[in-house]
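Next up: some structures, all given as structure tokens.
There are two complexes below, and they share chain A, which is joined by chain B in the first and by chain C in the second.
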Partner chain A sequence: MSALGDTLEQFVAACNHNLRLQEMNHDWDRLILVQPDDAAEEHWIRYHAGVAAVVAADGEPDLIVEGASGVLVSIFSGASTPTEPYMSGDLRVRGSQDDVMRLDIIALLIWGE
Partner chain B sequence: MKTVVSVSLGSSRRDHAAMLTILGEDVQLVRRGMDGSIERALDTIHALDGHVDALGLGGVDRWLTVGPRRYTVPTGERLAQAATDTPVVDGSGIKAVWEPMVVQRLVAEGIVHAGQTALMVSALDRYPMAAALDTAGLHLVCGDLMFSARIDYPIRTLAELEELGQRLVPEMVKLPFQQLYPVGADQDAVPDPRFLSHFEEADVVAGDFHFIRRYLPGRLEGKVVLTTTTTTADVDQLWSRGLSTLATTSPQLDGRTFGTNVLEAALVAASGVQAPDSRWEDTVRAAGLAPFVRRRPAREDA
Partner chain C sequence: MAGLKRALPLRTAVTTSAGLASAAINFLAVAELAGYAGGRSGWLAILVAGVLVTLAAGNFSELTALYPSAAAIRVWIRRGASDQLSMVASLVYVGTVVFVIAADAFVLGHVFLAVLPGLPGLLWIAVLLGLVTLLNLRGIKVAGWVQDLNGLFLLGSLVVVSLLALDHVPAPHWHTVFQMGPNWIQALALGVFVFVGFEWVTPLAEEFQDSRVIPRGMFMALGLVTVAFGLFALAAQMVLPAHGLALSPVPQLLLGRAVLGGWGFWWMVVVSLTTAMTTFNGGLATASRFLYAAARERLLPPALSRLNDRLVPKNALVALAVGALVLAAVVYATGVYTLLINVGAAVESFMYALAAWLVLSLRHREPNRRRTFRVPGLPWVTVLTMVVFVGLGVGAATTASGIPGPVPWPLVFVAALTGIAWWYVRRIVPQLKSPVRAAGTSTRPDV
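Up next is the complex of A and B:
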């Protein structure tokens, strides 16, 4: 598995380990496509009933997260926060504004301060 | 006579002017809405700098103080720095000193009491009010994640509010302010019925009126709303939904209550003292401020 794939597996495990996130996302049912723009790979995450899972391609995504592999690994591993790369355009997230903000909050709550 | 202008990122439809006598000074209060445009706000502050006695920032905070920590909001800081001669205030001095006193008065007058549930629509921008309600023995429900991010997660303790603030605020304040707070036309939008259960659970609904208005439920019987920045139309809307008691932390002038930034600007203009000067609390106390409290008009009971 690629470094990004490994990182997303860890990200999903961290989401599911966090009871507060499970409660916050109890009503959030979304399909997320994570797509590096410098590698021929794509990854899908489904959030359902407060639980996240890495899944196979499964229809139209609600959120598309794009950027260089290194940027995506850095954000989903918690090495950097998503806000600045998002504001600078290094991280592109397509979806509703509320969903984009929620993903941002999830990352901040998992990886902390 | 002193003149203060509140430069607000909010809707220009709420613009108005009024006179207030405070600390023996007549102060003209003017509110100018920028309809969400930061560039217009910067230009306006530049143009007014040195020509008025104090400026207020509306629709945006310069600082968020959550427990022992203070976070700078880049948009508010940029606007404040646009003036070099005239003091610029964001209402945080009023929120820190005066609003907790208002809660204490409401408790003393039996308008709110221990054991009630208080929904603070946004507590990160009004931590001292939230802390005062908590100290008074009300059960806090802080709606920051609900009303700013549409995440149905009530924050029920000050400790969790502080912890979430520590994790989220330093990053969230980097986002465009309009993603977190209704500005411009959003201030006139039709209320959103989400989060109705949290309003129903509450005896007291407190905090920023734009958040309250944006999610205002159809019925408010038996409830107290503690807020500021209301117009005559806003108040009519609250009575028509059966509200029992309206309390605002700023005085009512010509049917409107001003934002905390306007009140703070008026105090700074009249006294020359600005928070965090050690004389600020005494200045607020000396001003003889009083909250505006009104029970439901009798005609609404008919």
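Up next is the complex of A and C:
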């Protein structure tokens, strides 16, 4: 598995170990596509009933997270906040603003500021 | 490229852009520019301003096609110029949102004063601003179709009332519709204010399936706003006496009454109310999310990224509402609303000039990056756009603001605002950005 794939597995595990996150996302049912723009790979995460899971490709996503592999690994591993690359245009997130904001809050709840 | 399950339609791009541009204070901006236009050519100033703003829309279209992001100008200026300039411009830009909310509150207060003279207008401003803030804090959102309908209601109402008014205009009046006075350029500069906010649809770029929808939406919205407010300006100058138009804080109510009597008055009351409430709601929701993001990257104090249990940035929202209320109270007490109009027109003109420069800069810095929209006429049309908007910005900033004396207060205000933002970015932001990263900090949501 790629470095990004490993990182996402750890991210999902971190989400599922956080009770506050599970409570916050209990009614957040979303399919997220994580797509590096410098590698021929894609990863899917489904959030359902407060539980996150890495899944196989499954229809149209609610959110698309795009950026260089290094940037994606950095933010999903908690090495950097998503805000900095987002504000510089190195991270792109397509989807509703509320969902984009919730992704940021998930990172905040797992790793803090 | 993968498609989104839920994407916004073109209709929403049009109505959002038109709705954000159509604030209740626009009625007073039209009245002010009509005074400078001379004759009855206020409509022409709006038409020409609309054409010029369309050039600016082309630049915003290329920028959003290059970097479709909710962070919009924060990203574009950072990529095309520098991080510091990006921070300063973003702070000044969000300040104009507060001005527009305060200005709309001023209009709203006077609409209530016209309807219920016994109660102070400021009370209504506080109640309604508080109501919108409370709804936002509770996470209650206005449905998209309601916003769509409201935008169309305003523009449609203006067109219908204006056409009815123009139907009874005596023939001699039509001879002055092209008569331009010596201060017509000032009228043109203020005409830019009518379109303020049309580009605030660009932060929604991530929510559309195709970022090319944004340019289409902006261009169609500018056409609608030009027609609706151009007709309103023409009808108001044709039907209302010049001094009545210049002195009234509610010219739209006067026109409604002149055309349709009591029905027309109440019709325009409803239009003013829904427009101002939409401005409050859209302005507070958009600007509070911007403050949240700015606080998350430590451009603003972390307290502003504090969320409530409904994931609403509560401190940012309350700070904006209080700021708008204080500003509205000052304007209401002093009556110098033209200062807000002139400052808004100046800031937006300078921002449109900056957008033109960013297009040039990013074509040079990132020539191979994919763009789904390219503004035509580069570089000459873009340079011309930049020069024209710098000129219009200076024109708006040096136009009389209702405060006696020779001091160009709008210019002083814009310079002070920019200076404070620059000082803040140079002195305070480095302290805020000290590398602190610890789980369990105070910005976590109250879940």
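In the analysis below, the second predicted complex is superposed on the first by the 112 of 113 C-alpha atoms of A that agree within 3 Å, B and C clash if a C-alpha of one lies under 4 Å from a C-alpha of the other, contacts with A are read in each partner's own complex, and residues count from 1 in each chain.
Heads up, the rule we're going with is that a contact is a pair of C-beta atoms (placed from the backbone, for glycine too) under 8 Å apart; a residue touches a chain by one contact, two chains touch by 3 or more.
Just so it is clear, the model here is predicted, and its values are computed rather than measured.
Applying the stated clash criterion after superposition on chain A shows that chain B and chain C collide. Once chain A of one complex is fitted onto chain A of the other, the partner contacts of A:D62 are limited to chain C, with no touch recorded for chain B. In the superposed pair of complexes, A:R102 makes contact with chain B and with chain C alike. In the overlay built on the shared chain, the residue A:D27 is in contact with chain B alone; chain C does not reach it. Taking chain A as the reference chain, the count of touched residues is higher for C when chain B and chain C are set side by side.
In the superposition on chain A, A:M87 contacts both chain B and chain C.
The intersection of chain A residues touching chain B with those touching chain C, taken from the two complexes, comprises 20, 23-24, 81, 83-84, 87, 97-98, 101-102, 104-105, 108-109, 112-113. Of all residues in chain B, only 145, 149-153, 164, 166-168, 170-172, 174-175, 179 touch chain A in the complex they form.
Considering their complex, residues 20, 23-24, 31, 33, 35, 42, 59-62, 64, 81, 83-84, 86-89, 92-98, 100-102, 104-105, 108-113 of chain A touch chain C. Those residues of chain C that touch chain A in the complex are listed here as 2-6, 67-71, 74-75, 78-79, 203-204, 206-207, 289, 292-293, 296-297, 302, 307, 311, 436-441, 443-445, 447.
Those residues of chain A whose C-beta lies close enough to touch chain B in the complex are 20, 23-28, 81-84, 87, 97-98, 101-102, 104-105, 108-109, 112-113.
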